[in-house]
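In what follows, subunit A forms one complex with subunit B and a second complex with subunit C.
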Partner chain A sequence: MTAVAALEAGRAVPGRSRVRRLIDGYGWLLTLFTAAWAMLLLLPLFLMFVYSFFTTSGFETDYSFSLETWHTLFESGRWRIGTRTLGVAVTVTAIIFVLAFPFALWLSKGCRSNGARTLILTLLTIPFFLETTSRTVIWRAILGTEGVVNTLLGGVGIEPQAWLLYSGFAVNFGMVLLYFPSMVFPIFMSLELVDDQLVGAAEDLGASPLQILRLVILPLALPGIVAGIIFTLVPTMAEFVVPQLLGGFNVNLLGNSINSALSALKYPMAAALSAFVMAVLVILMGLLFIVLRRSRTIMNTFAEIRQ
Partner chain B sequence: MRAGAATDIAWQTRPIWRRLGMSSGLAVLALAYLPIVWLMVMSFSARPLSGVPYPLTLEWYLRMAADTRWRAPMVSSIVIAVLVGIACALIGTFVGRGVMRLKRPGWVLGTALLPLFVPGLTIGAALFLFLRLDLGLRLGPWSVALGHVLWALPFALLLVVVMLTRFDRRLIDAARDLGASPYQVFWLVEWPLLRPAIIGAAMFGFFLSFSELPRSLFLRGTSTTMPIFQWAQASDHQSYVPISFALATIIVVVTIPLLAVFFFIAFRPAASRS
Partner chain C sequence: MTDPDAAERVLEVANARHRYGDVIGLDDVSLSVRRGEFLTLLGQSGSGKTTLLRIIGGLETPTSIAALRIGDEDVRGVPAARRDCSTVFQGYALFPHMSVSENVEFGLRVRGVAPAERRRKAVSALSLVRLSGKEDRRIHQLSGGERQRVGLARALVTEPTILLLDEPLGALDERLRIDMQVELLALQKQLGMTFIYVTHSQEEAITMSDRIALMHRGRIVQLAPPEDLFEKPVNRFVADFMGVENLIDGVIASGLEEGGHVELDAGTARFRARWTGVEEPEIGSGATLVVRAERPVMLSGSAAVGLNSVPASLGSTIYKGAHVDQIVTTPVGPMTVRVLDRHAVPASLSAVQVPPDAACIVPNRGDHSS
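And now, the complex of A and B:
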């Protein structure tokens, strides 16, 4: 019996309805949960947006409407930090996608050993639950001028390579390793839903491997790809651990700016920066959603073929 | 319907595809584990930030044992993580059951999954402004735990919901027809069948909370958790880094086997082909 049916049954017998509804209906629980969730998530995000229209004078927040904070954001060097953050996030996501898609394809369709597949999925999941600071700071001991790589290079007579650490390279590198699994997983799961017989049919009809990839696998795996891209863009747009520890002060990103604005009690600026991050993400997700919508037609065609 | 390994499709067997996909991923995976391994090695090194582990020493572990600064953050991290785990198991189970009884679960589920689309730092900053400045509350372990529940619950809820989609609703109807009370239905029918998902929900809550940094950073008030402590040491106090490595090594040695066993068991059915 569904909740709605239970409610209707309850309404028919007025005496029992209230108690029954309380235990059985779950309506009150879900209403309470959704309301609490919205209050703890959407309301703070909205109020944060409101905060970005206040200003800071001295260490006090001035609660009168003003565009000054946004003006400062776009005028000062933070605008450059914004474009740099977007650049790093998109680059890192693109690199991860190029590495993750073939891997997910192999894992889902190519890997023949069940044990190996289970092991790889396990290895992909574990780092998600580990704290990132110490895993990141240790790269200094590997990439630094006295680190492992440069010691080994010195052994074969190559002079220390300074660009390995405290550089754009180090930041991109560290973030690619950190967020690789969040791309592999959704793509893997969507590939698991791609019927092997469809691929076989395409092959029987004379499609080349590239055509199969482009016309069969990619469109069907698109929801997973979009999810993977979103789950990589969301954390990379506000990353602050990797840029601070591996970028030195050369590669500050928006995450670092939010962090320092809050520590300096510049709440309106922190709010404006966070709202900016959120706005960029909403635009990017909107674009991805349009791509997904457009490909629906292709997916529907496949669904019809399957029936 | 899965055709299985029996059908050899050309693009699957073509060596270059397989090798490219396999090697690119395994290389990244190896690089992702390199810092964890190197962290453990260098925690025994006299010069932990150098390129060579030698000479080896136990000094950092002895200093860590004598040091008291990390103990309070460790205790509060464990307490918060346990509470978040319990909260995720409870809320995940009851909201999950409720959601699955709705005709259109999309809206509630969609709202519940929203935190996955907001960066941790952003939600941390927003919640800080809301709780501290708008409501004027004193932040502390409770607000850290709240931020963690907001982060871990979507995963916990998904686990329960996925488990429930495979759950035969007729079992509940049958139990009811036979006169079971709502409590009996839950404990005798639902709990045994949902137990893996509920334990999984608690695990997700515990470990996501135990390693969480961006939300905790703003919601901490004056309290400190282990990830905040490690972050503060790494970003401000270079001299403490060796002791941080020793601490991180011990945490990794305790948590990785737990996670590995759990996920190996959890993934085995999904990863297996008939």
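And now, the complex of A and C:
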């Protein structure tokens, strides 16, 4: 360090806050974090992609480049599992949104009792402490032919309903239940950020309740809605516990295919399926952002939140 | 107070009461406003002024109210969206996801006005508040003063009969506030619109209002033109709130004389002045002499000390720029006497005299309704 630089550094330091200096001094931490993140997240993704170009013979992986796995994926019709999974994920996400948005709106703007609100928020948090499998498997005892629902139905003379379990209905039902809080929370948070005075102002200016919802609340809650959709859609695309437990062998989704490919030690096939899911998700998110960009609103909302 | 007659009455509130749980927000408030009037609701926070404004605007439903009419329409139970009035909010309440113009157009948009037409009206409303050329700015790019102008344009653009302003200048700095006061006043005269203005600043209320409703603990203590609040306060609270400098407490010593005068016994001195309380003075009841600093006369030499005079000696002198406040010490406490420059203060001050018509005597109970 030259004398001049030392002098300058010495002069610069007292003017800065300690926090500022700490951050400046630890700039390498950011570099380290970025590097670690890339190594831990991006590299495995890349490796997975690479693996999908290998093949399996016997129970051994053949490490030579081949398109065979991808070929099999499409030839055997396994890719249809992808589109079916997408269908289920989108349906489940849509059902959850239709239920969660009005609920979050009521919780944030309609619920006048603080006690009730705290209770509901706590109840919504409980599922995060429980493990998925046990939470899901209990529905077998409720929805099964010998289950609670059918016993009750039998009591009033209705035949046991077999479609309640090991069916598309059971899988949709289980997933809606599982991911409802993931949608409610981000939407609730973003609605909490919408100033009540804005709602009052809109009303004062002559807006009907529906206009207030469409022109003020929805655009301002959009970041939370997008987050809610992502937090629900992505895990439902990869979900394998619910279809396995409540779908029996009747509902086979991508998550299950990947799981069974892994059990059979077909790593390249598992990799190809995973890469396929990734590709579908990337395309979906891309579409989502193109739609939102058009409306311009979300960008402004983000800009407003950032300042 | 003379009630505006029915023809030019634009707002009528009768016996409005409001409670928040156990707290009384409004306690039997009645009010009548003339078309084109600038009426200020003045009071400390918690006095009920904002509650009253929100009840008029429909953003709050009163616990009970005998009448609430805007123009000829009974608006009790009518939602805010369908009342012929708009509000300018203290915190601006601008929509952050809309441009300046979209904010101003909002009221027209929800009424189904065509885009071209509402843009034209927004442009003209924005030029009215001197924000031409900023139509496409984002809200977060504007200064506080500019934001409040947008709020004003947004409320004006639908041409409501009454504009409700809830401490609109509260968040602005001193200089900007004074500029905006002048501008608001000019705008109100230009549009001939009725303004109901909420503030806690007596200086702001005096500058702008045709009439002031001074509120305290959910009641209107006095409703009168600004000069009357100074010259004819109905009680000690009004005089004190309006910033009258000299308040001398005592008891009523005589009945009401011809000419409306009454005598006050302040212990070591007696004063005769106009009685401006609402009810007849009662001998022996607590009262206060109210004297503005401009009014006392400083006497020197061997002036006679008697009724309306107290012996006085010089205290500190406070230079206020445009004038000088001379503090004088008297047996009834320190008094402030305002003079134009310090040469007007006699070096050999011996007494201070309060001319009977330059002061008034009021009951010193807190808040009697007028």
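The rule is short, and it goes like this: the second predicted complex is superposed on the first by the 269 of 307 C-alpha atoms of A that agree within 3 Å, B and C clash if a C-alpha of one lies under 4 Å from a C-alpha of the other, contacts with A are read in each partner's own complex, and residues count from 1 in each chain.
Going forward, contacts are C-beta pairs under 8 Å (C-beta built on N, C-alpha and C of every residue); 3 or more make two chains touch, one makes a residue touch a chain.
The shown structure was predicted, so the numbers you read here are calculated from the model rather than taken from an experiment.
Peer 1: Regarding the shared-chain residue A:216, is it in contact with subunit B (first), subunit C (second), both, or neither?
Peer 2: So A:216 only meets subunit C here.
Peer 1: With both complexes superposed on chain A, which partner does A:237 reach: first (subunit B), second (subunit C), both or neither?
Peer 2: In the superposition, A:237 contacts subunit B only.
Peer 1: Considering only the touch criterion stated at the top, classify A:97 as touching first (subunit B), second (subunit C), both, or neither.
Peer 2: neither
Peer 1: Going by the contact rule set out at the top, does A:267 touch subunit B (first), subunit C (second), both, or neither?
Peer 2: A:267 sits against subunit B, while subunit C stays out of touch.
Peer 1: In the superposed arrangement, which partner chain does A:70 touch: subunit B (first), subunit C (second), both, or neither?
Peer 2: After superposing on A, A:70 lies clear of both subunit B and subunit C.
Peer 1: For A:47 in the superposed arrangement: first (subunit B), second (subunit C), both or neither?
Peer 2: first
Peer 1: May I ask you to name which of subunit B and subunit C touches more residues of subunit A?
Peer 2: Partner with more touched residues of subunit A: B.
Peer 1: Based on the superposed arrangement, let me know which partner A:205 touches: subunit B (first), subunit C (second), both, or neither?
Peer 2: Second partner only, subunit C.
Peer 1: Quick check on the superposed pair: does A:169 touch subunit B, subunit C, both, or neither? Answer first, second, both or neither.
Peer 2: It touches nothing on subunit B or subunit C.
Peer 1: Could you look at A:197 and tell me whether it touches subunit B, subunit C, both or neither (first, second, both, neither)?
Peer 2: Both: A:197 reaches subunit B and subunit C.
Peer 1: Following superposition on chain A, which residues of subunit A contact subunit B and also contact subunit C?
Peer 2: 195, 197, 200, 203
Peer 1: Which subunit A residues qualify as touching subunit B in the complex?
Peer 2: Within the complex, subunit A contacts subunit B at residues 1-4, 23-24, 26-27, 29-30, 33-34, 37-38, 40-45, 47-48, 51, 61, 99-100, 102-107, 109-112, 114, 117-127, 129-142, 144, 146-152, 176-178, 180-181, 184, 192, 195-197, 199-200, 203, 209, 212-213, 230-231, 234-235, 237-238, 240-241, 244-245, 255, 258-259, 262, 267, 270-271, 274, 277-278, 281, 285.
Peer 1: Using the touch definition up top, name the residues of subunit C that touch subunit A in the complex.
Peer 2: Touch residues, subunit C against subunit A: 57-59, 79-82, 86-87, 89, 91, 93-98, 106-107, 109-111, 138-140, 154-155, 158.
Peer 1: Can you list the subunit A residues touching subunit C in their complex?
Peer 2: Residues 195, 197-198, 200-208, 211, 215-216, 219-220, 297, 300-301, 303-304, 307.
Peer 1: Mind listing the subunit B positions that touch subunit A in their complex?
Peer 2: 1-5, 7, 9-12, 14, 17-18, 20-22, 24-26, 28-29, 31-36, 38-39, 42, 48-52, 91, 94-95, 97-99, 101-103, 107-108, 111-112, 114-123, 125-131, 133-134, 146, 150, 173, 182, 207-208, 210-211, 213-214, 217-218, 226-227, 230-231, 234-235, 241, 244-245, 247-248, 251-252, 255-256, 259-260, 263-264, 267-268, 270-273
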